[in-house]
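In what comes next, chain A is part of two complexes: it sits with chain B in the first one and with chain C in the second one.
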Partner chain A sequence: MSEVKVQGEVSQTLFEYLHMEILSHLIESYGNEKKGEVISALEALGSRVGESMMERVSKDVPRFRTELDAMIFLCKQFWTHMFNKQVDHLKTNNQDMFVLYDNNFRLLMHLSESSQHQDKSPLFLAFTSGLITGALSNLGIKSRVTYEVPKMPQCFFQIKINL
Partner chain B sequence: MTCYFVIVGHHDNPLFELDFSRHPEVVKMEDRRHLNQFIAHASLDLVDEAKWQSGNLYLKTIDKFNELNVTGFVTASNMRFLLVHDSSLRTDSIKNFFSDVYEHFIKAILNPFYEPNTQIKSQNFRKKILAVAKKNGVGS
Partner chain C sequence: MSRQYVGRSQSDRKVSVSGELFALTYGALVAQLVKDYETDDEINKQLNKMGYNIGIRLIEDFLARFPDIGRCYDLKSTADILAKQGFKTFLGIVPLVANWNAKGDEFSLILEYNPLCDFVELSEDHPNLLYSNIICGVLRGALEMVQLDVDVWFVQDTLKGDDTTEIRLKLNKRLEDAVPAGED
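== the complex of A and B ==
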């Protein structure tokens, strides 16, 4: 009998459900007005998770010589580990700015493509922006992340690092 | 026989220390412990220099103090594992010791109740590291 290896499909669906439930729970408990606090709470959550995940994903990986190497590792291995796909496009100004483009972001994939609830879509990215900050801080890089959803399900993250 | 293991975090703070030394004179034990910590701390600069030169996780012996050697191991997330020892240990056993400790360290970090870059107070972790040390012939 051949061995079938399932690459963690169940845990990915569970993560998406959990993320949606965290969002709705935070919005309920803070109220609809206090979007800023919801976003801060999500970013703090994501930061802690990002640190631990980066420790685990970077096991036995040799140290990175430049920040660009670290960003490429983030876009490939780390993103694949979290969302089962790589970041579609990475832009940099070779100084301190990086932009990550994802054309089919997993956490937005199941939401409708209409622009009716466009203003609520940044809430879905707050956790992931915390994830990026936490992962980079574990590698020793301090960063600030801003994010936008031009059109569902595309999104991009702008990362500014301190050199 | 001296053997002192420490995990150093991002702010040069010790996250975990383990002393396996055994000396015939018990009186000098307290001084020895301070000395071991001092030697490890002083070699941190050399660790940082050595890590840029090689891409490997395991750095060979980086510093010598009288008859004691300091061996280092630096992970991708810049966590430094240092072992202060005399010349009675083989490099193979030290290398295996470091890899086993690395695995247990990652599991300890994944604990959501653990704050990163703080002291690892878990008794379970200490027991596991002692078992790893025994298995690899370090400190016994």
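== the complex of A and C ==
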């Protein structure tokens, strides 16, 4: 069976709206008071997708020598493959902590900059944080991710590895 | 959850995400719905409803990107724009418009390639699941916002072993200027 390489692209807007609908559906399913469960569900969804995505993206890439190399790959090739842009900034303590900064995060771009959405911002990043843990897990790296939106559409993800 | 969307700037126009990310995310959503609902019928309805909610917003984005598209006075032009600009802009594909009925109020969109289905195999546990039903909802919602009341359904699906994927669209009536409520 011949392998067909699919190189499709879908408008970011459509993906954002799909993401929103997933959020809405989970909030409706679990209830407005169960934000914690909604977040966990989103992270779990993201994790499955992240793992598959990383598998495909890193298929022909040689093994990473260090975790930093893996993280750089995540910030550059992987992030670009997903969002058509790289992570803007990567900070590390050179041991087990990394912080990814995205100043124009795709999934926040349609939301207004008012503080109205600030308190809901964990909901908007939970899926992507799952993408990160799933992607790293595919590379054999266990991680825990926390995240914040200092100001729309900027965000950062704090990643602790070697748990 | 109230949503407030800012307008898109010129520079955002061509921004895209990987089709794989979209397909995998959609697949995760369908898997979630399969967990949350008992029957295929309920899942199909929910997909259609979610599509509707996306469609009513997507059309605004579309009209903002193509401000030169005037009112369509006949279904043939609408169908053309839907296929050549709508689908192209958002899904990166151009379905074929075909199989018009004699009255001219019903036609099909033939998709040789459905980006939603890249990594999917339907399990036998869900024989009545319309995997890509979200598309029908999107079309229904988008067209309602331009005053067209349509029914949209799947006629053929490659996921089910058919040769192509065929979505059929029937115009019921043109709506007056009543604003439809979003389906929450």
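The definition used in the following text is that the second predicted complex is superposed on the first by the 150 of 163 C-alpha atoms of A that agree within 3 Å, B and C clash if a C-alpha of one lies under 4 Å from a C-alpha of the other, contacts with A are read in each partner's own complex, and residues count from 1 in each chain.
Note that in this section contacts are C-beta pairs under 8 Å (C-beta built on N, C-alpha and C of every residue); 3 or more make two chains touch, one makes a residue touch a chain.
What you are looking at is a predicted structure, and each value in this text was computed from that prediction instead of being measured.
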item	value
Chain B versus chain C as contact partner of A:60, first or second or both or neither	first
Partner chain in contact with A:52 - chain B first, chain C second, else both or neither	both
Partner chain(s) touched by A:101 [first = chain B, second = chain C, both, neither]	neither
Partner chain(s) touched by A:140 [first = chain B, second = chain C, both, neither]	first
Between chain B and chain C, more extensive residue contact with chain A	C
First, second, both or neither for A:17, with chain B first and chain C second	second
Residues of chain A that lie at the interface with chain B and also at the interface with chain C	48, 52, 56
Residues of chain A that touch chain C when the two form their complex	6-15, 17-27, 29, 41, 45, 48-49, 52-53, 56, 81-84, 106, 109-114, 116-117, 120, 127
Chain A residues touching chain B - in the complex, by the definition given at the top	48, 51-52, 54-56, 58-65, 138-140
In the complex with chain A, residue positions of chain B that touch it	10, 51, 55-57, 74-78, 102-103, 106, 109-110, 112, 116
Residue numbers on chain C that touch chain A, as the complex places them	1-6, 8, 12, 15-29, 32-33, 36, 46, 50, 53-54, 57-58, 61, 89-93, 115, 118-119
